[in-house]
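Following this line, the structures themselves.
The same chain A turns up in both complexes below, where it pairs with chain B and then with chain C.
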Partner chain A sequence: MRSIDELDWGTPAVSDATLVTLEIDGFSVSVPAGTSVMRAAAVAGISVPKLCATDSLEPFGSCRLCLVQIEGKLGFPASCTTSATSGMRVTTQNARLAGLRRNVMELYISDHPLDCLTCPANGHCELQDMAGAVGLREVRYGFEGANHLAVVKDESNPYFSFDPSKCIVCSRCVRACDEVQGTFALTIAGRGFDAHVSAGNDQSFLASDCVSCGACVQACPTATLIEKSIIEQGQPDASIVTTCAYCGVGCSFRAEIKGAEVVRMVPNSDGHANHGHSCVKGRFAFGYATHPDRIRTPMVRDSIQEPWREVPWDEAITFAAKRLQKIQAQHGRGAIGGITSSRCTNEETYLVQKLVRAAFHNNNVDTCARVCHSPTGYGLKQTLGESAGTQAFDSVMHANVIMIIGANPTDAHPVFASQIIQRLRSGARLIVIDPRRTDLVRMPHVAADFHLKLRPGTNVALINAIAHVVVSENLIDHAFIAERCESGTFEKWRDFVIEPQHAPEQSENITGVPAAQVRAAARLYASGGNAAIYYGLGVTEHSQGSTMVMGIANLALSTGNLGRQGVGVNPLRGQNNVQGSCDMGAFPHELPGYRHVSDGATRASFEAAWGVTLDDEPGLRIPNMLEAALDGSFRGLYIQGEDIAQSDPDTEHVTAALEAMECIIVQDLFLNETAKFAHVFFPGSSFLEKDGTFTNTERRISRVRRVMQPLGGKADWEVTLMLAKALGYPMEYRHPAEIMDEIARLTPTFSGVSYSRLDEQGSIQWPCNVRAPDGTQTLHEQTFTRGLGRFVVTPYVPSHERTNDKYPLILTTGRILSQYNVGAQTRRTRNIAWYAEDLLEIHSHDAETRGVIDGDWVGVKSRAGETVLRARISDSVQPGVVYTTFHFPESGANVITTEHSDWATNCPEYKVTAVQIVKVTQPSAWQQRHSRLDRTQKKLLNEREPLRS
Partner chain B sequence: MNIERLVEMANDIAANQAADRPSAVVLIAQHLRRFWEPRMRKQIIDHLHNGGAGLGDEARAAVALLADPIHNQK
Partner chain C sequence: MTISENEQQRVIDWALRENACTPEALLPVLHAIQDALQYIPELAFDALAHALNLSRADIFGVISFYSDFRLQPPGRHLLRLCRAEACQAMGGRSLEAEVRRRLQIEFHATTDDGHVTLEPVYCLGACACAPALTLDGSLHGRVDLARLSVLLDQLEIPR
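Right, the complex of A and B next:
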């Protein structure tokens, strides 16, 4: 069932500059050439009955309900598959057509349950609507003949039900799976009367390849595929457009509600990032917002050994402010800081950095981008001048060659992955650079031309080898370099990469990638037409993350693959507002808009607006804060929306630092791992309770609109305001729109952004200012943000993490489709049906030599620590490499990751940890300690002193 | 802060910028100046004055430059 508030135009829009004019039922209408007669009729305000057509899918012409008559043409063509042409005269309604349509409907209804009043789709069922539209009054065949009414439902999927008895075999679900999602999990099995929708090979939906994106449910015209939330709660009666709070794609959704209750989330067909598509997280996994674990009342305690005490907001704020002030009085103004999160809105993040700079009087503010894409900010700023991806998602449809480095879009950015898959199936070539065989390497109708399966930690050696081929075989774009790049830096870089040690034949020993593959992939990238690079945390979360980002930019510069559609350098940001949190100045060295704190003119503009003197020295990054906590010079931390005790590396180091601090303030939805070390807990708001904006990985700013009231009684931005006021720095805003207005006044790239413009346009890609009043789809079109593109020499420096006899394997970490980041949200949803624990993927060769079989408990030991995970034998990883995720706190994946980090930004080296694997029978010592801590802290929570009324 | 960790970080910065001759030492010092919080800079400078154990040649030269008020430009 499509969104209750969206019109269905029947067939997809066509973009063609040529218009054709035709007459439908006597009305003249002009539409782009190639538009279907059905859509042209809809444009003219005429609704043609239909069942198998919907505007998100290519026309199919199977239901025969949309028949029309066209003057001069024989028969009754289907209006969905017939293109409108100039001068065409169409009749959509007459007695003959009505008779034919009634006959068709009569056949459908003869094998359909007549339970409309108790059907969950009642009132929003297209079959029911069409029966009414064609005037069906009887079914002459009766209902006693052979039918499908007793076919058993498939309830295996946690979020939707499949009731074959209501199926009209229109194939909309099958086509949605093929055309929109690209998984090919569904098919029509059988022929004639036996024809039926089959998940996989007549498997249950849960057991099939279905990824639960919801496209089939949205496409279904009946209640055959329908959300269980609608079955349980009834139909929604209103919708609010908002933005998903999961990955960096930033899908637009319609939150469909009934009163204050969210019934379902439906992807917005007008969504500029997702074009009406979704994934299992955004579409279905929103139940955490009302989970019983939500903490709804502020709490305080003097020490982490004490039970929590519920207090009113003002008391909690005063408690926190006094503690922070006391620390600063005793240990200096640099002894406290703040951490904000990519799960927060731009406005919230802006306020946290303002609080730290204006009320804490220092620059000790950081964001979780520190541990994911900070190298992107550094590397792209150095080379191109702007700390952001260059393209819009739609640009990929113009790419001839797609290079994906260290990213797994089908799991981590699934909606954009569907767009990539569409482009690949229409002819683009694919290069994957990844230690693991990701789904995109080979899937139905997609096969990578090259999978460069490198050893973890050797990215820079590989990018230099690719560059060596480009230079030595003269595949460079001389004209682009001469016109667009900085003189001197190219020559320096060229002379560097041409050195013999960078030849693929030499670096093969380092990377493990055969030289011939590297050469062929480099030739394809450099000479295959428009070449676009998409990269993820497999690039950034390394000791040379920043170097690799610059290596990627060098490659794009040298081949002229920047500044137009179909090319570019595109980071795929892990969380929904990574881009935004960086834009908003949540880094200790940068004010909003990526301007260094030492820049006097920028600082002066903020000082004038904020009425304070700002520190001109860089502050502490998250890992520096933790180090400083251990030496006693950093003692207080305000954390909004982050869970560093689970997400950051070397867990025992993190928790020791947290324990060493005097005042930890956590503002979050749940008592997360970090909150177990906290002294103050402010109840945070889920995205459904927020008003603000998120900025996705394509620099697209989208509105987040409040769907329900904050369960804790205060919006997150209001909490920051209260804390600032208690610290003697009142900030006056009545609504987040006013915060955005201030951001726009003070940040040149945002000067044209406002809530009214966002409401008008739907979304805006920054820069949005006088020069680009509607925003900017593609960066660096005429010149680079820094003027001329700059090549940077990128030496390969091996990681400190080395394998040896004691630690012979390399562990690399990542994400899975159904879970998100630390799992605080998705673990509290039915998504655990797909993934209920972190698993260790190990190659059969490595498993065999250790006597490990699938499902065994194995100890994973590194120089930092040890944990125990269940093994999964997999050939996705190469021998010598093991892989796990970090979605479950008890897994302790980050107990094993080390303190090593990117040289430029301190982004942790999550992707390279030397480990040993042994078969074990009990949890690790850390897990046993964690279990005790967890039990104790939950007890202290459960025994909290209730709020006195 | 843990001085071994700061030394490793300084050496990593140096290793990644050493190829950018002849300005490598200046670039390393600039990096430390722009991205390291003052107490970290002070600690690494103090460490250099105490012998600078563990610092590589380029890192050592860069920290020396960082300590020199004439070159200590933001």
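Right, the complex of A and C next:
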């Protein structure tokens, strides 16, 4: 069922500059050439009956309800498959057409249950609407003949039900799965009367290849595929447009509500990032927002051995403020700090860094981007001048070659992955650089031209080898370099990469990638037309993360693949607002808009606005804070919406540091791993409970709108305001719109942004200012932000983390589609039906030599620690490499990751850990300790002293 | 007749080797497998999907479209009775009734002992010799109840 508030134009929009004018039912209408008669009619305000057409899918012409008469044409062409032409005269309604349509409807209804009043789609069923539209009054065939009314429902998917008895075999679900999502999980099986929708080979939806993106459910015109939430709650009565709070794609959704209750989330067809598509997380996994584990009352305690005490908001705020002030009085103003969240809004992140800078009087503020894309910020700033991806998602539709490095979009950025798949199916070539065989390497109807299966930790050696080919075979874009880049740094770089040790034949020993493949892939990238690079944490989370980002930028610069549609260098940001939290100055060294704290002019503008003196020295990064906590000089931390005890590397180091501190304030939805070490807990608010904005990976600022009241009574931004006030630095904002106004006043790249502009445009890509009043789709079009593009020499330095006899395998980590990061949200949804525990993928060769079979418990031991996971034998990983996800705290994936980090930004080297794998029978010592801590802390939560009323 | 998974896999691998691994090769590959094994085993779905860059659903859509592709092993003997117009006009219906009575099964089924599979067919192109059937691939025309009885006796079907 389509969103209750969206019009269906019947067939997709066509972008053609030529207009054709035709006459429909006597009304003249002009549409772009190639537009269907059906859509042209809709533009003229005339709705032609239809069942198999919907504007998210190519026309199909199977239902025969949209027949029209066209002057001068024989018969009754289907309006969905007939293109409008100039001078065409179309009749959509007359007695003849009405008779034909009624006949068709009679056939449909002769094999359809007549239970409209008790049907979940009642009132929003297209079949019902069409019966009404064509004036169906009788079914001459009767209802006794052979039919499909007794076919059983498939309830296997946790979120939607499939009731084939209501199916009219219009193929919309099958086409949505193919055309929109690109999974090809559905088909029409059988022929004639036996024809039916089948998931896989008559499998259940859950057992099939279905990824539960919801496209089929949205496309279904009847109640055949429908959300269980609608079956349970009835139909929503209003919708509010907001932005998904999961990954960096930042899909626009309509939250469809009934009173204060969210009935379902439907992707917004006007959404600029997602164009009406969604994934299983954004579409269905929002149940965490009302999960019983949500903490709704502030809590405090004097020590982490004590039970929590529920207290009113003001008491909790005073408790926190006093403790922070006491620490500063005793240990200096630098003894406290704050961590902002990439899950929170821009406005909230801005406030936390403002709180730290103006009320804590230091620069000890950092964000979880530290552990994911900080090298992107650094590397792209150094080379191109702007710490952000260069393109809009839609740019990929103009790419001829797509290079994906260290990213797994079908799992981590599924909606953009669907767009990539659409582009690949229309002919673009694909290069995947990844130690693991990700789905895009080979999936139905998509196959990478090259999969450079490198050894983890050798990215820089490989990018240098690719660059070597580009330079030595003279595939560089001389004109682009001459006009747009620094000649001095280019020459230095050219001389560097041409050195013989960078030849693919040499680096093959390091990377493990055959030289011929490297050469061929390099040639394709450099000479295959528009070439676009998309990369993920497989690039950044390395000791040479920043080097690799610059290596990628060098490659794009040297081949002229920047500054226009279809090319570019694009980080795929992990979280909904990583880009935003970085933009908002949530770094110890940068004020909003990536301006260094040592820059006097910038500091002066903030000092004037905030009425305080700002520190000109960078503050502590997260790892520095933890180190300082262990040596006793850093003692208090305000953490908004981040779970460093699970997400940061070397867990035991993190928890030791947390334990060493005097005042940990956690603001979160749930009592997360970090909150087990906290003294103050502020209930956080989910994205459904507040107003604000998120900035996605294409720099797109989109509105988050309040759909329900905060369960804890306060939106996150309000909590920061209260804390600031209690610390003697009152900030006055009545609404997040006013915070955005302040950001716009103080940040040149945001100066044109306001809530009213966002409401008008739907979303805005920064920079948005006088020079680009509508925002900027593509960066660096005329010149680079820094002026000329700068090449940086990128020598390969092997990771300190090396294999040896004791630790012979390399562990690398990643995400899976159904779960999200630390899993605090998705673990509390029915998504666990797909993935209920982290598994260790191991190649059969490595498993065999260790006597490990599928499903065995195995100990994973590194130099940092040991944990136990269940093994899954898989040929997705290469021999010598093992892989796991990190969605479940008890897995302790970060107990094994080490303290190694990026040389420039301290981004942890999550992707390379030398480990040994052995078969075991019991959890590791850490897991046993963790489980004791978990039990104790849950007991202290359950035994909390309730709020005195 | 059960065929070991190893044998199934061997045939699938062979069929894939004999054909170009592109989506267009699906039909020839399916034919090759069914010719060798008399049916398309479950094992084939993942193998073909991976090799031909298709989904399980794609493959099932094609298999289920053609009534001659089989997902279960047939009986040792395959009796296909024509039910098209000419054969019906020439007494095919009485043959149908007799076959069903003797075999104690309906169309698209196999006798419990795995002896005979009965399938309908809509025209064997032998209308001049109607009613017609094929038994294990051999065409028999102008079949009447007596000739049918002889054929079934040869298969040792109880009267």
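Keep this in mind: the second predicted complex is superposed on the first by the 949 of 949 C-alpha atoms of A that agree within 3 Å, B and C clash if a C-alpha of one lies under 4 Å from a C-alpha of the other, contacts with A are read in each partner's own complex, and residues count from 1 in each chain.
We adopt the following convention: a contact is a pair of C-beta atoms (placed from the backbone, for glycine too) under 8 Å apart; a residue touches a chain by one contact, two chains touch by 3 or more.
Quantities reported herein were computed from a predicted structural model and do not represent experimental measurements.
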Quick one: classify A:Gln575 as touching chain B (first), chain C (second), both or neither. neither
Does the superposition put A:Phe496 against chain B (first), chain C (second), both, or neither? first
Have a look at where A:Leu186 lands relative to chain B and chain C in the superposition and call it first, second, both or neither. second
Now for A:Glu627: first (chain B), second (chain C), both, or neither, which partner does it touch? first
Report the partner of chain A that touches more of its residues: chain B or chain C. B
Output check: A:Thr826 vs chain B and chain C. Expected answer is one of first, second, both, neither. What do you get? neither
What is the contact status of A:Gln203 with respect to chain B (first) and chain C (second): first, second, both, or neither? second
So in the superposed three-chain picture, is A:Val446 touching just chain B, just chain C, both, or none of them (first/second/both/neither)? second
Show me the residue ranges of chain A that touch chain C in the complex, using the header's touch definition. 183-191, 194, 198-203, 208-209, 442-447
The residues of chain A that touch chain B in their complex are 334, 363-364, 496, 543-544, 546-547, 588-589, 596, 598, 616-620, 624, 627-628, 630-631, 633, 792-795, 797, 800, 899, 901, 903-906
Show me the residue ranges of chain C that touch chain A in the complex, using the header's touch definition. 23, 45, 49-50, 53-61, 63-65, 67, 71
Quick one: in the complex, what on chain B touches chain A? 1-2, 5, 8-9, 12-13, 15-16, 18-20, 31, 34-40, 74
